[in-house]
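Here the chain labels run A, B, C and D in written order, and each chain numbers its own residues starting at 1.
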Amino acid sequence: MIKQRPRSRRSSFGEPLMQGLLWSSVLLITGAFMWLCSDIVRHGFRQLSWDFLTQLPRDTGRSGGIGPILVSTGLIIGVCLGVSIPLGVGTAVFLNEFSAPQRWLSQFLGISLDILAGVPSIVFGLFGNAFFCKTLGLGFSILSGGLTLACMVLPILIRSTQAGLQSVPNDYRLSAAALGVSRSAVLWQVLLPAAMPGLVVGLLLGIGRAIAETAALLFTSGYVDRMPTSLMDSGRALSVHIYDLAVNVAGGEQNAYGTALVLVLLLMMINGSVSWLGKRFQQTRILDV
Amino acid sequence: MTLISSSSTQKSGVAPAALHTEKLTMQYARKVAFRDVTLSVPAGQITALIGPSGCGKTSFLNCLNRLTELTPNTQTTGTVLLDGQNIQAMELIQLRRRVGMLFQKPNPFPLSIYRNLEFPLQEHGIGQRDRVAQIIEINLRRVGLWEEVKDRLKSPALALSGGQQQRLCLARTLALNPEVLLMDEPCSALDPISSEVVEALIDRLRGDYTVLVVTHNLAQARRIADRVALFWMEDTVGKLIESGSGQELFESPQHPLTQAYISGKRG
Amino acid sequence: MTTLLKRSILSRSYGDRFVAALFQGFAIASGAIVLLIILFLLRESYPILHRVGVLRFFRDPSWHPTSGEFGAMPMLWGSLLVTLGSVLIATPLGILSAIFCQYYAPPRLAPLYRRLIELLAGIPSVVYGLWGLVVLVPLVRRIQPPGTSLLTGIWVLALMILPTIMLVADASLANVPAAYLRGAAALGLSRWAIVRGVAIPTAQAGLMTGILLAIGRAIGETMAVLMVCGNVVQVPDSLFDPVRTLTANIALEMAYAMNEHRSALFVSGLILTGLIAILVTIGEWVNRGQMYD
Amino acid sequence: MKSSVSLTHALKVTIAIASLSFGLMACGNSGNSSNATPAATKKLVLTGSSTIAPLASELAKRYESQHADVRIDVQSGGSSRGIVDARQGSADIGMVSRSLKPDEKDLQSFTIAQDGVAIILNKTNGIADLSNEQIVGIYTKKITNWKEVGGKDAPITVVNKAEGRSTLELFASYFKLETKEIKADSVIGENEQAIKLVAGNPDAIAYVSIGTAEYEANQSAAIKLLPMRGIEASTANILNGQFPLSRPLNLVTKTTPMGLSKEFIDFAQSKANDDIVKAQYFVPFVR
């Protein structure tokens, strides 16, 4: 009791101090971020137009639009998700539903996913360049870029799908077993729909990371800003375009800001629509079928 | 949908099967749950397993449809015979279809009411829509749920009350046409009124199914059980102390522990 | 919740076995990626490591791979200093933000503020870099040229990693059982005393995890630092000196690097991966501690 | 028992890794072949010097417009990449913005244009001329303020190129500097980045390709080119051979070019396309 007295006195002194500290740091952060966002919106908004979104870049990007760059970005993300979703969901299901946590394979996978999640994107770029571009002979191509990004988003996808599966009560698994229902049927009918929120979060984070990625793409999907005609063509992603305009093109800031705004808006749109779709999908699975 | 006559709500087809365990012992990694349980569960009767908490009743029940195999590091010795057949030699899915189970906590799938019954049926190869619909209606009627939910079969099962959920689970199990029903304190998580409804349902299953029910409620055991088996914990190990007809066990218990337990002096 | 030995639920049905085998294959493929990455980093850096050895990378005075000097220490320092600076700034701000959201903010403001931070977490690093280059660099240059400097890098990185720290801290503070807080409040403690005495110690492991994640992100960040740090290979004397990080080194020289030079860049990648491995180990250790508490 | 289990697992892992790699390789190969077959598209890959890349791209665009069945990919990556890729055959043609070194004589080179390297300053910088000694002084940090060379009182921001760029090699060898003697405030990759940096920083100094610099200056980038030993840095002075710091822009091939490679090199060297070379502010190849 005696011990507590000085403590409470100190904290009564600390309370207004803390209030001040908290509010000022919050204001500081909000201010900094308003500065950043208003800059992007202010400079970027002027550039936005239908032509900007559809036309070819001209004069090394100073003028013209970002049409081919949007297409390349879409293709890269498509390749990335096409590979990483089955691989990621499959791995998560295997870890959570088919494998005992004590098995060495599960433990090895756990550790390697932790490492994979931490590997800097530039190292993925190095790996992608050495493995996909050189060893597999895919060259600078949308395919190389997409595959490199797939490796990168895999741990995010796996971890969130796992979290989703873990949140599904064991009751379902038990009652399914007691009813003699096969494992895969429970998986498709009950577990995956119930784990959908986790999966959606993973997908969101994965797309977010992939679409924002620059470093891993510099040496895998390349710089070419032309309209791609196949997955084997080199294609420039939005983020690489921003980098190039910001760093290598005198007078490229305006279009860099425009592209940045497009990228940020795209990210927000994807986030919104995927979470909406995920929710809908889950509901239909539970209610209608 | 045509109205189904009350006679067809009665079970038809497979006859109830007798269950017999011989020196059944089960242990977890460090602890023996129960040892050397030899018990006969006669076909078509209701057998109640009673005894204080933690004496291995639930573990015993889980052995009978090999659900214990889901828990890591468990080991079972002894034999379980279903209709004279060793369950270890049976195909797992087949065994679990023949031996249905009702859990303490109602556990419908997060699907619609209808889908909760339809999905296991489809899994067991019953796919024709009319037939499935018929089976579902029959079984929902048998648990007295049909009138309550017939207008909202597509709404989520999890929106039902606890008692309704438990009856849905019973209907789901019955739909698969099992021979034996294992029930692990099926009423203990329910409110008194729902509990009464479910108890009445169990009572009506007599004759059509072999029912093995774990209960802490002595009055309930006395009301519904044809036969009663008392489990007790001796030296941290579950043991079967005494079994017999309900009347024998409650009126003239042989074992002193049984006497003490049913009179409320111990347990 | 008990763990289930889920393999045993497997039926003998063809479908189950096929699915199990397929997913096991996927899992093995996922696990193989890390091995492949390490394998390729080692394979590509082998020629130079074999010829000049590992020590040269730490002992050579500077980085001139085309004339046979492979000193990576200045860049390691660059990476560490930029990371240290940004974490020192972002940690208190991030944790204070989380405390604000959980315990101090008016109920309507907290979700708004959280949404703002989430939005910022989603802004790509190249956009932070663009902003840093166009806005911050000229600003710093006015104080002391050239503007592209350690300070600018720290500034941009701090903004980038702040959301990570804030969001993880926020989540772990939200997980502090309400009973603890009620109990402390019932003892008549002030709000700050409750936060300091109960909430923070309980959420400690979560806060640590957030900081570690942020450190990992800062070390691994490439584009933003590449754009605002000046990329001169040197150990900086002041905040206004330009620096080059290990990541920027790769991004800057990779496109032009041939043979041994390229090989040396893969060694940069190896060193980076080594740093991350150390972080992951610390993270494991922190989480273990949490488990046994 | 236990060891046999882990053995089978090890086996499975190996098989899975192998099949993964093979699957991906198959992917890659099928991608390659499918790319080569449809509509009999012919593809030419050029890699190398970032100085030549914009010129080569423009040439390629015109060539493609005249030959619908051809697709030419131009990837910049530095002169040494041009050498290596041409040697290894990963590119049909390498782009090298300097003369071949003695140990590179196994390759065949074809000059398509001439270029020089010029010192650039911000347009607002008062300095009009720097001697070679002053430039060396600035790049070795013996001179750190513009007032030491007659300008205003402001610290000099020295911009250098990253290791591996041929412009850096040319610059260093002309001024007889070792690359490690150069002390910079900012290290950049591309010519354009140097121009952009100097245009945005009144106190910066950099060296870049004259062609690129003239092009950018005409695109209203705020830079000016310094004369070298009193000779104005202009394409005209490269053409007449007076500008001291000049270099040839070469296309290189491993063997005597045939087919499409030969056609494109001839196309690049032909007088009809001098306008493209001039538009990029390079000096057309003197035949």
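Here is the rule we go by: a contact is a pair of C-beta atoms (placed from the backbone, for glycine too) under 8 Å apart; a residue touches a chain by one contact, two chains touch by 3 or more.
Note that the structure is predicted; figures quoted are calculated from it, not measured.
> Two chains share more C-beta contact pairs than any other pair here; which two are they?
A-C
> Quick one: which chain's Cα centre is the longest way from chain A's?
B
> Determine the chain that sits nearest the middle of the structure, using the mean of its CA atoms as its centre.
A
> So what's the Cα centroid distance for chain A and chain D, whole Å?
34
> Give, as an integer number of Å, the spacing between the C-alpha centres of chain C and chain A.
Computed from C-alpha means, the inter-chain centre distance equals 15 Å.
> Averaged over CA atoms, how far is the centre of chain B from the centre of chain C? Could you give it in whole Å?
53
> Any idea how many Å lie between the Cα centroids of chain B and chain D?
About 79 Å separates the centre of chain B from that of chain D.
> Which positions in chain A touch two or more other chains at once?
In chain A, 100, 105, 169, 173-174, 176-177, 180, 182, 185, 247 touch at least two other chains.
> Which residue numbers or ranges of chain B touch two or more of the other chains?
70, 72, 92-93 - these are the residues of chain B that touch more than one other chain.
> Check each residue of chain C and list the ones that touch at least two other chains.
Chain C, residues with two or more chain partners: 2-6, 9, 11, 13, 24-25, 28-29, 31, 35-36, 255.
> What does chain B use to touch chain A in their complex?
For chain B paired with chain A, touching residues are 65, 67, 70, 72, 92-97, 100-101, 103, 105, 107-112, 115, 119-120, 123-124, 154-156, 169, 172-173, 176.
> Can you list the residues on chain A that touch chain B in the complex?
Per the stated touch rule, the residues are 100, 102, 169, 171-182, 185, 189-190, 193-194, 285-289.
> Touching chain C in the complex: which residues of chain A?
So the residues of chain A in touch with chain C come to 4, 7-8, 11-12, 14-15, 18-19, 21-23, 25-26, 28-30, 32-33, 35-37, 39-40, 86-88, 90-91, 93-101, 105, 108-109, 112-116, 118-127, 129-131, 135, 151, 154, 158, 169-170, 173-174, 176-177, 180, 182-187, 208, 211-215, 218-219, 239-240, 242-243, 246-247, 253, 256-257, 260, 263-264, 267-268, 271.
> Using the touch definition from the top, list the residues of chain D that touch chain C in their complex.
12-13, 16-17, 19-20, 76-78, 80-81, 83-84, 154-155, 157, 160, 162-165, 178-180, 184-189, 200-201, 203-204
> Flag every residue of chain C that touches chain D in the complex, lowest number first.
By the definition above, chain C touches chain D via 24-25, 28-29, 31-32, 35-36, 62-67, 69, 138, 141, 145-148, 230-233, 242, 244, 252-253, 255-259, 261.
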